[in-house]
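Some structures are shown below for you to check.
Presented sequentially are two complexes of chain A, the first with chain B as partner and the second with chain C.
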Partner chain A sequence: MRWPRALGLAFVALLIAAPFGLPAFAMTLLTELVILGLFAMSLDLMVGYTRLISFGHVAAYGLGAYASGYMLLNTSLPLPFVVILATLLTGVIAIGVGWVCTLATGVSFAMLTLAFAQLLYAIAFKWTSVTGGSDGLAGIPRRAGPMGLTLLTTKTGFYYFALACLIGSFLLCRKLVASPFGAVLRGIRENEAKTVSLGFNTRLYKIAVVAIAYALGGLAGALYAPFAGFANTELLFWLLSGQVLIMVIVGGSGTLIGPILGAAFFLLLEHQLSSVTEAWALFFGLIFIGFVLFAPEGIWGLATGWVKRREKPLAKVRLRD
Partner chain B sequence: MTDAGAALIGIAGLTRRYGALVAVDNVSMDVGAGEIRAVIGPNGAGKTTLFHLITGVVKPTAGHVRFAGEDITGLPAHAICQRGLSRTFQLTALFPQMSARENATLAAQARNPRRWLPFGGGNVFTQARRAGGAALELLGLAGVADRPAGLLSHGDQRLLEVAMAVAQEPTVLLLDEPTQGLSVEETAQVVETLSRFLEQSHVTALLVEHDMEVVFRLAHKITVLHRGAVIADGTPEAVKADARVQEAYLGGIE
Partner chain C sequence: MTIRPRLTRRAVVAGTGAAVASPWVWTSARAQAGGMIKIGMPLALTGPLGSVGQQQKRGAELYAKLQNEKGGILGRKIELLIEDTVGNPATCVRKAQEMVERYDCRLLTGITLSSEALAIVPKLAEWNAIFISSDNGDGRLTAESFVPNFFRANTSGPMGARVVSLYVKQAKIKSFFALGLDYAWGHNSVQVFEDEMKRLKVNFIGKVFAPTGTKDYSTYITKIRQSGAEGVYLVLAGDDNNAFLAQAAQYQLASKMAMLTEQIELVALRAVGDASVGLIGSARYAFTIDTPANKEFVELWKAEHKTVPDTFEGEQWQCMKVFEAGITKAGGIEADKLRPALEDLTIESVKGKVLMRKCDHQGVQKGFAVKVVKKEGFDHPIPEVISTFPAEQTTPPCNKMTYED
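Right after this comes the complex of A and B.
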């Protein structure tokens, strides 16, 4: 797999160079893409690597967003600390969520994740003193610091911060899925009963992966709040849970990079189509169905498959020379 | 062999009900260390359920299982496996998309105290690959080690399940019909491999098997189940001569 690696590095180089070539509105879109890509990638740990389907991943995003928004508005902590704290908070809460949800399996597991997200949604509406109720939290600042560092207050600086979070999380996830822990996750994905009877306490592994996935989803949310300047109940709405699940599948589950591409695809399509037609979500739905039926390996699977098919004939030609 | 007082596995009054059906009915038996015990009986006699009860897959309605002097009744399946009881399933249970080697490696990884390591883990993998590879070698699967388990022949899949259990270097090996669904040639091959392994390893084994030739070839002792209850228990010769066994078999097998 030399090709995907080279392709990945080229992507990263492009992302780093982007602020020098792209206009401001495109940079805003790209920053959102990086955040949404991180959100989708976090879900891939559960969906792609452990076959834990979640209908409520928005809970992680919303928790992270409200936590970071609240801290930025009500404390004087510098932005990076706020983001780290919001990530940890989401992860710690997710241990409890994982504990409860893994009492069930399959569809019931998915429904429990949804139930928790809906619970947060209701809390966000009612707990006005903290969440701002239906107005949400507005005017969330990208505060300077630590030590008077002003880089993150600029749009470009914040973009690099978000990009660093995405790349760091990606490398972390890659280490995780290649570790002994990751091998057990694959076992759970393919045959959980067998994994148990081999002596693995799979419930603990599932709780751990839920906590990690939520923490990283929380990181994405924690970045979104200062990026957008607000956090409202839409960040906890079930629709977004469905959309991020679709991003994972369309991009290619179990690949980490695929869901990032899925998020990019989703965002660009929304951007292009929503100006043309109100029914753009319908188009996205149709595209989703198309992928499920004809290309279940997703965008990344199609791309790597295409490269592999091209590599083979090339190799033959070289042999003949 | 060993006397009953030093039994490695002591089962007492073990019972499992499904509604009105008593799948395992007040079963008591002792298995000594190093013993190879066959559990036989007609279809639906409760053999698989007995294995499920011993390995924690199913919780008993009543009764106890002691292993190496400790009560393991009702412990979760993973905890029982960690104490050294490894099993195979009657319906082949593998990780179909992983290679045979990855299957065996994951089985061996379970034995490592650092099996959960969320980063690196080079040593964990090296050890597990060694143990897994040795088990594959032992069961004659080295040649197909890199094929996805789901694409192996049925016979090799059965062997792979045994290899995974063997890779865990268990104290007790529980094999639920390792030759089920195999052709005559495949059965001969599996039995050959198994008997060689059992002789070499001195592992304690419980074996469910329908093929009487296989049973008489491998087992030191035989327990006969009928409608969940033990109807005979003893050496192969004694069991063969038992009138009730003859009756159960003549009346029970279609």
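Right after this comes the complex of A and C.
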């Protein structure tokens, strides 16, 4: 077994065992980390594998959160069905978003994604009857079911549900990037003109990856609403788009696992720094600058680099033997 | 030869990791403090409403300091757990949850924005926690969004709007335009004011909302001027209020129409100086309120801070006094004991008598209309009380945001 897989399995085992050893608040934080990790990983499909820089990925998160929150408040659908429907809805809407945004490339693509997110933000503010306006939707329940199943209404049950969504999405994304589809995405990332000359309709591939990334971002949002118990316009604010991009960069783009670690690092650092000082944003900025300058490959890149450096001398010793 | 320390990648990562981990160690000491009365304050200490959060923090800190010098409440010292939320409901929920689950803190106050409070209140029953608001204006918190573990010691947005409308009745202004902050409190207060104006047969021409953090109000001022109204009603706070007042002075808005505001804060008067002179509005609290308890509070404040207290410093002080009276009456801090003790509790406060009525947990209290004036002895304009309205007139009926008379 190669060490990354062993490390990954050990990490998953730790996450599964967490509720048995961690206190209540640590579990709350861990559940949020899992959800944010899923959100950051969804963006990595676009940024890390296709080099489609999005400044508006918050649209997926917010859309998923509002859709899930609205359904949980206004229908009797069980939580898993609501989450699936919200994910699908976000993915379907993202096909339109992808179709429009992929008319442009580079910075223009990024600005179009931002414009779409801002449009949703404005709609959420004004469409008070559905979105609750500036107050948002409060008191979102974790509805029981299906078939009277109450496990998901508990904190631990919901954590396992979120964790299952993260692991399932990770496996799906890993399969996707390792498939011929993923090879085309990497082709677009490295040299789109060459990929086109090989006969691929790259725009269709880009629309598809936007739809998949948004659907997974929507899944994260759909989980966040019943987790926090509310959905409001902050979940569609552009600032969160910037933050999730930082999570991807700090964690290590193009690795899937890196952004999950980046999200964990971001949330813990923000949470802890703001507990210590009111000038936390200043220190946070300095740490981000430090990462960009000293560890551009991100946390995951640092970890893998460290293991490789340790492996090399051992390999030399074996050769000498 | 000198050895220079090298800033390696490993050192940077190790340092950052240590920084992330260390507060867990520091804060674990906080959780171990036993016998204290822990009061959690998730506050917007930074961001557009940071000045409001800072006032709440100072108000609570002075109270805790003085009360702890007297032995605390029921012989137990008060410990404030203060955290910055940046005014973000998601962060606020996380911080409040940490206070409850990690530090076993079941008393909450602060929570600067109404949007944060609206996200928190559905969780109070699950947390078995009591939240006494010191500044949340949104009327729905004691109406359609009311939950049994929520209490409001402060003047609400509808109560502030009501004071302005009672003043308008006296001043006979015939038409109004309104500008509010584009979130829960702003919308709610403008709506109440609009209803009040319609009932008074005053022409309500229109309204506009600005996002929090707006720096340039010129387009809004143009809209207000073009409306042709005789008066403009403002529902602004913090940096937004300062930015608007400064720009309104440049555009000489006060010479075109009467400017009435839902709340007047010293921090804004200090920031914009003479540009605020003549402004009339409701004051949730003003250091010039003439009550014995307020005179005593102002002296205590001056002794500590060498200046007079501002709106939310006074409101937070009043809120802490409600906590004190409730905990003393209940004989403890458990939610199931404290809740009934707070219901129909009456205290003599800085604003006079305050009754925490049982039906919707709103603090029934007087309303104050103030005018910004220049006065000798102060290097900035101050709010002077020009009318005091009785609590029966300013407080809405139970579980309502609108008035019937």
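Of note:
The rule we apply is simple: the second predicted complex is superposed on the first by the 315 of 321 C-alpha atoms of A that agree within 3 Å, B and C clash if a C-alpha of one lies under 4 Å from a C-alpha of the other, contacts with A are read in each partner's own complex, and residues count from 1 in each chain.
Definition applied: a contact is a pair of C-beta atoms (placed from the backbone, for glycine too) under 8 Å apart; a residue touches a chain by one contact, two chains touch by 3 or more.
Here the structure is a predicted model, which means the values were calculated and not measured.
In the overlay built on the shared chain, the residue A:235 is in contact with chain C alone; chain B does not reach it. Within the superposed three-chain model, A:196 lies in touch with chain B and out of touch with chain C [touch as defined at top]. When both complexes are overlaid on chain A, the residue A:183 reaches chain B alone and has no touch with chain C. Applying the stated contact rule after C-alpha superposition, one finds that A:21 touches neither chain B nor chain C.
Using the contact criterion defined above for the overlaid structures, shared-chain residue A:205 touches chain B, although it does not reach chain C. In the superposed pair of complexes, A:32 makes contact with chain C only, with no contact to chain B.
For chain C in complex with chain A, the touching residues are 7, 9, 12-13, 16, 19-20, 22-24, 26-27, 45-46, 83-84, 86, 88-91, 93-94, 97-98, 100-102, 114-115, 118-119, 121-123, 138, 140, 145, 182-184, 186-187. Those residues of chain A lying in contact with chain C across their complex are 23-26, 28-29, 32, 125, 133-136, 138-139, 228-230, 232, 234-235, 265, 268-269, 271-276, 278, 280-281, 283, 287, 290, 294-295, 302. Touching chain A in their complex are the following residues of chain B: 55, 57, 76-79, 81-82, 86-87, 89, 93-98, 102, 105-107, 109-112, 114-121, 124-125, 164, 168. Chain A makes touch with chain B in their complex at residues 175-176, 179-184, 186-187, 190-191, 193-202, 204-205, 208.
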